[in-house]
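Residue numbering begins at 1 within each chain, and the chains themselves are lettered A, B, C, D, E and F in the order written.
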Amino acid sequence: MKTLGILKEPNQEKRVCLLPSEVKRLTNELEVEVKFESGLGEKIGISDEAYVEAGAISDDQTEILLSSDIICTIHHNYHGQKIKEGLCFVGIFNLLYYPNRLEKYTQNKADIFSLDLLPRSTTAQSMDVLSSMGSLSGYKAVIKAAELFGGSMPMFTTAAGTLRPAKVLVIGAGVAGLQAIATAKRLGAVVEAFDVRSSAGEDIRSLGAKFIEVPGYKESENAGGYAVVQSPEYLKKQKELINHHISLASIVIGTANIPGKKAPLLIEKSAVDNMKSGSVIIDLAAEQGGNCELTVNGELIDYNGIKIYGNSHLSRELPESASQLLSNNYFSFLSHLLKNDLENSPLLKGCKVLEKGNIVHPSFESKLETT
Amino acid sequence: MKTLGILKEPNQEKRVCLLPSEVKRLTNELEVEVKFESGLGEKIGISDEAYVEAGAISDDQTEILLSSDIICTIHHNYHGQKIKEGLCFVGIFNLLYYPNRLEKYTQNKADIFSLDLLPRSTTAQSMDVLSSMGSLSGYKAVIKAAELFGGSMPMFTTAAGTLRPAKVLVIGAGVAGLQAIATAKRLGAVVEAFDVRSSAGEDIRSLGAKFIEVPGYKESENAGGYAVVQSPEYLKKQKELINHHISLASIVIGTANIPGKKAPLLIEKSAVDNMKSGSVIIDLAAEQGGNCELTVNGELIDYNGIKIYGNSHLSRELPESASQLLSNNYFSFLSHLLKNDLENSPLLKGCKVLEKGNIVHPSFESKLETT
Amino acid sequence: MTSLIGLGYLISTFSFLIGLKFMSSPKNAAKGNTIAAIGMILAVLVTIFTAFYENVPTINLIITGTAILAGTLLGKNISDKVEMTKMPQLISFFNATGGGCALILGLVEGSSLDISTGIVLKIVLVIGLLTGAIAFTGSILAYGKLAGKIKDIRTKSLVYTGRSILGLILLLPILYFLDFLPIEFSTLLYLMGGISLIYGILFVLPIGGADMPVVISLLNSITGVATAFAGFVYVNKVMIAGGIFVGAAGLLLTVLMCKAMNRSLLKVLAGTFKKGKNSVSESEQIIKTISTSETAMQLSYAKRVAIIPGYGLAVAQAQHICSQLQQLLERRDTEVHYIIHPVAGRMPGHMNVLLAEANIDYAVLKEMDEVNDHMDLYDMVLVIGANDVVNPAAENDEDSPVYGMPIIKAYKSQQVVVMKRGMSKGYAGVKNDLFDLNNCSLLFGDAKDSLQQIINQLKLV
Amino acid sequence: MTSLIGLGYLISTFSFLIGLKFMSSPKNAAKGNTIAAIGMILAVLVTIFTAFYENVPTINLIITGTAILAGTLLGKNISDKVEMTKMPQLISFFNATGGGCALILGLVEGSSLDISTGIVLKIVLVIGLLTGAIAFTGSILAYGKLAGKIKDIRTKSLVYTGRSILGLILLLPILYFLDFLPIEFSTLLYLMGGISLIYGILFVLPIGGADMPVVISLLNSITGVATAFAGFVYVNKVMIAGGIFVGAAGLLLTVLMCKAMNRSLLKVLAGTFKKGKNSVSESEQIIKTISTSETAMQLSYAKRVAIIPGYGLAVAQAQHICSQLQQLLERRDTEVHYIIHPVAGRMPGHMNVLLAEANIDYAVLKEMDEVNDHMDLYDMVLVIGANDVVNPAAENDEDSPVYGMPIIKAYKSQQVVVMKRGMSKGYAGVKNDLFDLNNCSLLFGDAKDSLQQIINQLKLV
Amino acid sequence: MEFISTNLENIYFLIFSIFIGIEVISNVPAILHTPLMSGANAISGVIMVGAIILMFNIEPTDYLNLTLGGIAVFLGALNISGGFFTTGRMLKMFKTKTSK
Amino acid sequence: MEFISTNLENIYFLIFSIFIGIEVISNVPAILHTPLMSGANAISGVIMVGAIILMFNIEPTDYLNLTLGGIAVFLGALNISGGFFTTGRMLKMFKTKTSK
């Protein structure tokens, strides 16, 4: 019987990676012993008792690290403490962007599965944390924008004059972008969206928004749905068009990302200068450097009356919902992990970064050299 | 030629009662001299120059008070300074609820038109500040709730499980309540609403929400659309039903008011105790004592993980939109004021509180005695 | 010879049939008219053709030819000149001429009978004569009413007189044929003709002007019967068939028209006046109603249409179907605007919520002030569940509680159709003066249902 | 006497007419059938009635009576037993008996002619005979195909042979009547009968099983013609009229059926196979298509219906119209659920956005896991623009890229209709095994259009 | 009874004609009611055929009847020509707009 | 030509019948196609009337033709009875559901 440990997240994090309901399924269906750090769910009102009732054992961190075969967390939260040999960490560590986080794990010869690296294949969907969190982030980005915006999103025709609907520009129409589009549409805003992938056009239109098309994009077949870097001419054309649309918008939501790379810079300072005071920019790519030049990761800044909020983890602000989805994602992953061999599973292979402290993931060989 | 002065609002207030566009119409169409306190619109990015361009003259407060025939502000902001004789204040002073504010005005023999007292007649609609601000507050209440809520408003069916739509209960379906209903519906929430006026039922249903009906309400014909106080049996039945629905809701928005009276207490502590952690209560009746027993006016409190936010002036958080509507309201009122005699205008009569320091409004005679 | 004639009549009978068939489908209607007209020309030619082997005196030929020519030219002339909106009365007029023709035929033919004529032929003659006479005066009166030259007169006594005369018309021939009446057959004919002429008048007199189209259709059917009976007299297949076609089709059409107007034929004939469903006696407004099909018809001609939504749109939850109508119209190259009144509905922005839900493009939403000065450019304004916000009393009636409220000047457009369920008032509780205007019609019914029906009808055009 | 017989036949002719008329409107169809049946009984009774003043030998009467009785009982018996889904083949079978009757009539009547018989009657006899024969074998073959007893054979040579035989059928009588064929008339008749029997087979053989209903309708029309010609032989109005009615109506019905299936009659007869619009050769799936009217028909019988929306619903923006269909079904007491797959669409919650926009009550949304175990309780599942999420390959085909993804088990329901525009694949780019299944049919077309048509049809029922 | 057997053909003709008259327009959409009424009205002008036959059989000296007959023909012609031209004008509007 | 004038009545009858046959079902909704086909099929069973007439005219000793005629009548009866009963069964389903 394997032992699984769940560690408390850093202070600012309210989400948990496993809820009592899934802990119960782990102990019952997968016959895993589950230990958890006391106070795990208190930030969203889940008591230790609830976990204990679900079959888990409360313990302290050191003990858990020493006795578990698998450790689940959301964030990178390991600082080199002593661990059981062959311990396997499961989390969302964003290691391609923070390769130096690997150090402590390599030293202690741990295994790592980083769920952000899961292939985006059909069968991986139930464990796809990027999709589930992206989706919530996209929704929350619009709610945040509406909260920060000094005007109203929908149109109001009133006896005291008409308030025009807000113009919302969504940059990047991946999971988060689409959700942002849908939410802004719901609130009655006029929504435009832009994505390099021309196939995103149909998706955008299927949500009733306008697709801003930049002709001349080069698609890459084997990028598995992800975006690839583009030619300079294309980038210039794109910049002009985007700048124009930015200046018209009251709310800009940046969600463009290229996995493992710095996020594309699409909202330049000069473009922001053209925006009206009171406008809002929400940058979901902040952690990867931001889609906006002025973004400060994790902070809300005021630039000439324009509010710029950079946060790649807005799903944190929906801790209840996010925990529910994460918990399902982690459960699906764990059950896949326990039932399959590494060799036969492209999913496991795709997200396994360390094997006994050695790098086994192809994307990292080059990365590590640069560090 | 009359002179009109616009004073700066208190610090926490970003809205202005007149925007340059309407100032321009005042000077051009109504041939009024307009003076304004410097820095009037800076909080929403409107420079003094903009006002000057519109034909207004920048001046300091003392000077304005001494030279104007009419003073426009949003809030009660007069502390007994010297004024030109017969000066007429126009604002939203909520004097029925704060009758002691009258003192300074009486002493200085000023006139007062308080726009919150305008009759809710068809012709007054363009000056109806309660409607325009109520409407924005209702919208913002839902945005605020969505921002504070730890879950998502719409339903999400995802590969990582289904998030149920949030249940929103709106109490009081006046202007603000209806707007809250509409906004919550837009976001995909399941919305229920309650109002004592049974005629509100059709309005509620016309927005696609469910009307919670308490049988036995006594309508008053001459209350002009406003609610009146009800019998004890009725109140008991009502309380039970409401309590039940509160316990089911994740978000409760209180908008119930009885003009000039304390707001009805509809969300008792015991009902809040039954709510889930992470739920949100927004109380728009906070200034009048609140619909919720736990409300603290102007503050966000956390009660067992339930967030309770009391604020009767949420429209302030949409300063751009609110100023636009207010500016139109004030302009309409001023042009009515300048073009009509008091005797012939039920509108003016309805909101004139003081005439040369003497109380002329019928609702105040009783009020003042109690003070 | 006879076989050629027979063939000619056969073909023309058949072309009447095809003509009618085609005329009942929007796509082929124009073609149908042409086919029927060709059939008619053929029938006339064939008939004239018989002259050549029957030795008809020249004078008869000349008179016939002249009459045909004169009639044809005059008919063309009249039809070209009359305005489109006056069509129903024109039809009534032409129907009168047909009835007149049958009347004369009956008189002339009847007075020149010899004694040996069988009873069957006599009966046929009498029926042909009296139907012709009724159609003749009835149509003239209907024409007069529609042209506004004759007012509705609705008294009990009138109705009773009409009924007694109808009794007389039935009784006289029976008495005659049972040999109770010792008069000549031609006398009977004249008598019958006279009474029928009077009956035609009494028949139409009490019927309301709004119901005239139904009556005209009925009279048209009667002319058809007259034609058929004339056909029996001459044993002429094309007349019989043509007459019966028109008689049967006209009758059905009458019923269909009643249905489309939500009226019962009996009530129309009794001259009962139509009221809106919720119309309480208190409101003594004289209103014009319109059917969904007429609305669809007029929409199909309109180049620019404005939709003014109100609280009723929200109550009916008709926003989606309204957007469907808009799309349908736009596909027909009709420009559609929504005009939103600042206080339409029950909360600020109420209409915005609805229209956004139906995904209606913000570009087609117009504000009141934007369009109020050129409302006359709209060929048609659909007021969907709005009331107070289009009430001209706000502009004209100083005593009205809504006086001073800015309104959408729907009354300035070419044609207004107001959709509502009954005659109940809006929020402000005041009578709407718009409904009294000449260019305004009311379309009663739940807005969702009405819109659906309009769409269905419009798809056919 | 004759006048009574005439009257009887007249009434029965008229009841055929009314019967057919009623049968073409959903509300009256059952009544129409009864009326036509009564007319038929009347016609038979009147005919038998003639026996009493024509001195028919008893043996003939007995045989006739027995035959009628036996046929009637057997007919009732068969029709009661056969399953509802086998109706088309049953109709085909009964049509064969009608054809057979005409064939025998022609043979017997033709062989007993005397030499004086005019050419017209002979021609009539020949036509009656050959149409009867074609209808006879053609219907039997169609029956066999529908019953699955005979497979489609589609070779060029078959079509050519068919055409040559048709030539022969036309040529032989011409030669005979121009006196180029030195044979007896009865020989001609036997010859024609034989060839026509063969032609009937060749005519139906190449036509695809899916097109059989059209062919049966055509054969039905041919039987009608045979009946009419038999009627000419006996100068019998009711036979002529009944036959012509059926002949004409059957022909039109054939055309209408082709239209409803989006097929051209010529292509049906040539045996060309139908393909989906975007169907590229790569996909060699054998699929069943369905028309909007059939879908509507089946929906009208269903008690529980599930709608599975997918990305195509969003692309078509068909959410509003989908909710209309739901409302319509619910008003007919049909329970409707929406089953939402976790990854339907292109983003989490995509379907929720659409359905909320269309104001669909959360109570009717079901989650996959909630219903997957009793999908068989749904009489009908409408898959609207979904594809991957209902692909059984995810359960059965280990090599499929979607293997392992949980799906909605639509295939377990009684009947699945998938709405899509063509044969293109879903997001995952894999072939959908659902389409191969027996209980699955594809309804091609934009989802919005298809839904609108279904609604229109359903409203008629 | 006898009447029936001698006139059987005519009765068929009558019934069929009535039936056709009804059937042929039974599905007319309401927007065509007025044009159809007008067209039917024009067809009923076939009564002029009767008037012409009448004219052909009047004694050339019987001026009264000649006049009456002439009027009848004139009225018939007016009905026909006016009827068809009016219908044509109304239906022209259906063509100007291309549907869908 | 001559054929026409002698058979004019019949031609009218023919044309009218064809027209009626077509017209009467021209607006049938697709859901009624199958039942209507079945009903029409039953009506074409009126051929049995011919078969009965035939039977009545056969010599009672002409066994071959008696047999054939008997079969014809039998087939006709089968067509009629099967046709109407089948149609009836199909149409019964239309009644079970109350529309709207």
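By definition in this document, a residue touches a chain if its C-beta (ideal position, glycine included) is under 8 Å from a C-beta of that chain, and two chains touch if they have at least 3 such contacts.
What you see is a predicted model, and the numbers here were worked out from it, not measured in a lab.
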Interchain contact steps from chain A to chain E (minimum; 1 if touching): 2
Third chains touching both chain F and chain C: D, E
Same or different contact residues where chain F meets its copy chain E, judged by the half mark: same
Separation of mean Cα positions, chain F and chain B [Å, integer]: 79
Gap in Å, rounded to a whole number, between the CA centres of chain F and chain E: 34
Length of the line joining the C-alpha centres of chain C and chain D, rounded to whole Å: 41
Distance from chain F to chain A - Cα centre to Cα centre, in angstrom: 73
Set of chain C residues in contact with two or more other chains: 17, 21, 237, 317, 342-343, 348-349, 353, 356-357, 359
Set of chain F residues in contact with two or more other chains: 12-13, 17, 19-20, 23-24, 26-27
Residues of chain B engaged with two or more neighbouring chains: 125-126, 131-132, 135, 154, 156, 158-161, 163, 186, 188, 208
Complete list of chain pairs which touch one another: A-B, A-C, A-D, B-C, B-D, C-D, C-E, C-F, D-E, D-F, E-F
Contact footprint of chain D on chain F as seen in their complex: 13-14, 17-22, 24-56, 58, 60, 65-66, 68-95, 97-100
Of all residues in chain E, those that touch chain D in their complex: 1-2, 4-5, 8, 11-12, 15, 19, 23
Chain E-touching residues of chain C, taken from the complex the two chains share: 16-17, 19-21, 23-26, 29-30, 32-34, 36-37, 40, 43-44, 47-48, 50-51, 54, 56-60, 63-64, 66-76, 78-80, 82, 84, 87-88, 90-91, 93-95, 97-98, 100-102, 104-105, 107-109, 112, 213, 216-217, 220-221, 223-224, 226-227, 230-231, 233-234, 236-253, 256-257, 260, 291-294, 296-297, 300-301, 331-333, 457, 459-461
Contact set on chain E toward chain F in their complex: 9, 12-13, 16-17, 19-20, 23-24, 26-27
Residue ranges of chain B in contact with chain D within the complex: 154-163, 165, 188, 190, 208
